[in-house]
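The first chain written gets the first letter, and so on, giving A, B, C and D; residue counts start at 1 in each chain.
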Amino acid sequence: MSGFAAVLRKDLRLELRSGESTLALLALSMLVLVVLVFALGAARVRSVDAAAGALWVAMVFAGMLGANRALLAERDNGAIRGLLLSPLDPSTLYAAKLCAALIFMAVAEVGAVILMVLFFNLDFDASMARLAPILALGAVGFSALATLLSAITGRTRGGDMLLPILAVPIFVPALIAGVKASAAALAGAPFESMGDWLKIMIAFDVLFVSAGYLLFEHVVGGD
Amino acid sequence: MSAPVVETRSLAKAYGLAPVLREVQLRLLAGTGAFIVGGNGAGKSTLLRILAGLEAPSAGHALVFGQDTRRLAARYRRRIGLMAHQSFLYPNLTARENLEFYGELYSLADPRASAHQWLGRVGLADAADIRVRAFSRGMEQRLSAARAMLAEPALLLLDEPFASLDHDGAEIVAALIRGAIERGACVLATTHGIPEIDGVELAVFEISRGRLMQHARKEEVRRGGRIRSLLGR
Amino acid sequence: MNNPTIRNWLGFSTLALMLASLFMVFDYVPPDAEMGIAQLIFYFHVPLAWVAFASFGLVAIAGIFYLWLGDQLWDDLGYAAAETGMVFCTLMIVAGSIWAKPIWGTWWTWDSRLTMTFILWLMYGGYLMLRASADDTPQVARFGAVIGIVAALDVPIVIVSVRMWRTIHPAVLVTKQGTHGLEDPRMIWTLMVCLAAFTALWAWLLMLRFTQLRTRSRMGRLSSRIAFATAAASDPK
Amino acid sequence: MGAHFGYLFAAYSIIFIVIFLYVMFIWRRQAALDAELRTLEARMAALAERSAAGGPTEPQSEA
């Protein structure tokens, strides 16, 4: 378990030092929201459906960028080989990378939610509290998937392009559930009414965290 | 007589259609040092990577501590130190932070003290809190050596340990290699020229056309190397 | 499995079954009273769906076996299944779309089944793009196996989520949905023959491609052995 | 009823054309594979000839 803490601490320290990933994630989230505001037009900007959709588009794009960057740091000087050579378990490495990705994504999401409220003329009220667990579930699922897949795409030609092509279709169920639940939350619906959507997201998270944990050793290392 | 630390049986490796290593038979015991010489691309680094378990052989077997390197359990990986062309260091961490991080990965009793000690041994105590990205190539090489030896591995694999080191740096690394052999580790290193390390008997191998050959006399290799370089390798 | 006799036998039975199914669709079976002649597309659409899903299932099974046993055979099987699955899935979507135009009045609607199929198509399209963008190394084979497994794990969640997505929103079109009342026994017979024909076609194509990939893997190993032998032969004495 | 015949015809022809194209694709891959096999055979023949002419060239082990 000390390996897990060491890798996570090292990733956070690197991030605090440069702030590159989180800043890039925030900037990208903001740009996506701005583009969607213009694309949707002023008339639809007040709708919670549009706001929820925009938030999730921002999240998917930011998450992709974050996942690409997270493994980039390990590629400098071939540090990933140093990690694979150490007694560290690949599964533990996956868990640590997942946690780091999750923390960066959470920070970027807080920023994205604030921008969404401003851009889409919403209010900071109780709906934000209901939005938080939905976004957290979405971030877990996406980080789990993207951490696994970026280990694949990072080692193939044109991998940066391949990551969205592989990740987005697989993420669809969590995306559908997340957008629907977020829209309901923003519209002020009670928590119980979105139970089914939350169940889908929980199922997705459990499945992909365990799949990543078990399969990660096959995508890093060797040859 | 204890079992060999390194043993390869008819080891072969090819990238695509290009054979890099052929029929490599190597046996190294604990407390011995061996150097492999050979031109660029002769397969020296490939052999070290296979022994470290980072690459799989195309044919034959590579055994380290009696274990197949294709699936080395954590407790065997722990006893291997690899110093490769790439330093495995994080440019945005300081020298001390890099060593402490690897110390934690290898679950050393006191990563902080070990890092401090090794920084002193490789003569980087003054540069401990400088980020590695600001290091010169020679400093990075010394830190890379410290990183490889940090956990006192029983098998030390060094790829061009003297590359881009000045005289002092080479002395330091040579002393570390001697120290490792004296404490009973097995050291396998690659070099371009034949190294001299005072007080240590080194076996010398040469890789030529993918084959590993042992040389009793160092002069022979030196002459062979000169002839090959005259022919344009 | 690699026996050419079986392959030829499969090829001929595919041909015979295909001709039989064409005859049954165009001459034997009565067209649906409500949907008219375009309903006949259904007899090929359903078998296409079956073989496409079977292929994708096979990709996941082959992936599990590859990661477990590490035998190149399983990777070749998974790759062949993904490719044939993609061909049949594309055809299913195209045929379904052509069926939807006269019956539903639109080429495409975000109906739950259509959406689910489309997502599957995207997933395995990604798998094939990954394979196309890289050389065939054991590493890429493992990548393919992992993606095949992950995609298959995702399918149940996709089905549930897409179904909920569509039931909560009212359908844009009032459609005469999936439940086809095959009241005439001739319809059932026709569907059975078509299913058999496409299963045979699938098995034949899969076998062709699989055998080919097997040959290619074996040749790769052989040429590397020849390279070693050539190098050994030119060694100085 | 006959009005929809165009759709039916389109669907069936597309299915058969695509399957035919896929078979063609397999066929062409096979041709490439056969060509590769011939070069391999040529290399093997050359190797056999050389070893017949130059005496035994079995790899010797050393070290």
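Points worth noting:
Quick note on the criterion: a residue touches a chain if its C-beta (ideal position, glycine included) is under 8 Å from a C-beta of that chain, and two chains touch if they have at least 3 such contacts.
These figures come from a predicted structure and were not determined experimentally.
Each chain gets a centre from its C-alpha atoms; the one nearest the centre of all protein C-alpha atoms is A. With centres defined by CA atoms alone, the chain at the far end from subunit C is B. Between subunit A and subunit D the centroid-to-centroid distance comes to 43 Å (mean Cα coordinates, whole Å).
Centroids built from CA atoms put subunit C at 31 Å from subunit A. Distance between subunit C and subunit D, defined via averaged C-alpha coordinates, is recorded as 21 Å. Averaged C-alpha coordinates give centres for subunit B and subunit C that are 49 Å from one another. Residue positions 22-23, 56, 211 of subunit B each touch two or more of the other chains. Among the residues of subunit A, those touching two or more other chains are numbered 222-223. In subunit C, 138, 223, 232, 235 are the positions where the chain touches two or more neighbouring chains simultaneously. Against subunit C, in their complex, subunit B makes its touches with residues 12, 14, 16-19, 22-23, 56, 58-59, 209-211.
Taken in their complex, subunit A has these residues touching subunit C: 145, 148-149, 152-153, 155-158, 162, 165-166, 168-170, 172-174, 176-177, 180, 196-197, 200, 203-204, 207-208, 211, 215, 218-219, 222-223.
Against subunit A, in their complex, subunit B makes its touches with residues 52-56, 74-75, 77-78, 80, 82, 84, 86-93, 97, 101-102, 104-107, 147. Touching subunit C in their complex are the following residues of subunit D: 1-5, 7-8, 10-12, 14-15, 18-19, 22-23, 26, 29-30, 33, 36-37, 40, 43-44, 47, 50-51, 54, 57-59.
Residues 2-3, 5-7, 10, 13-14, 17-18, 73, 76-79, 81-89, 221-223 of subunit A are the ones that touch subunit B when the two sit in their complex.
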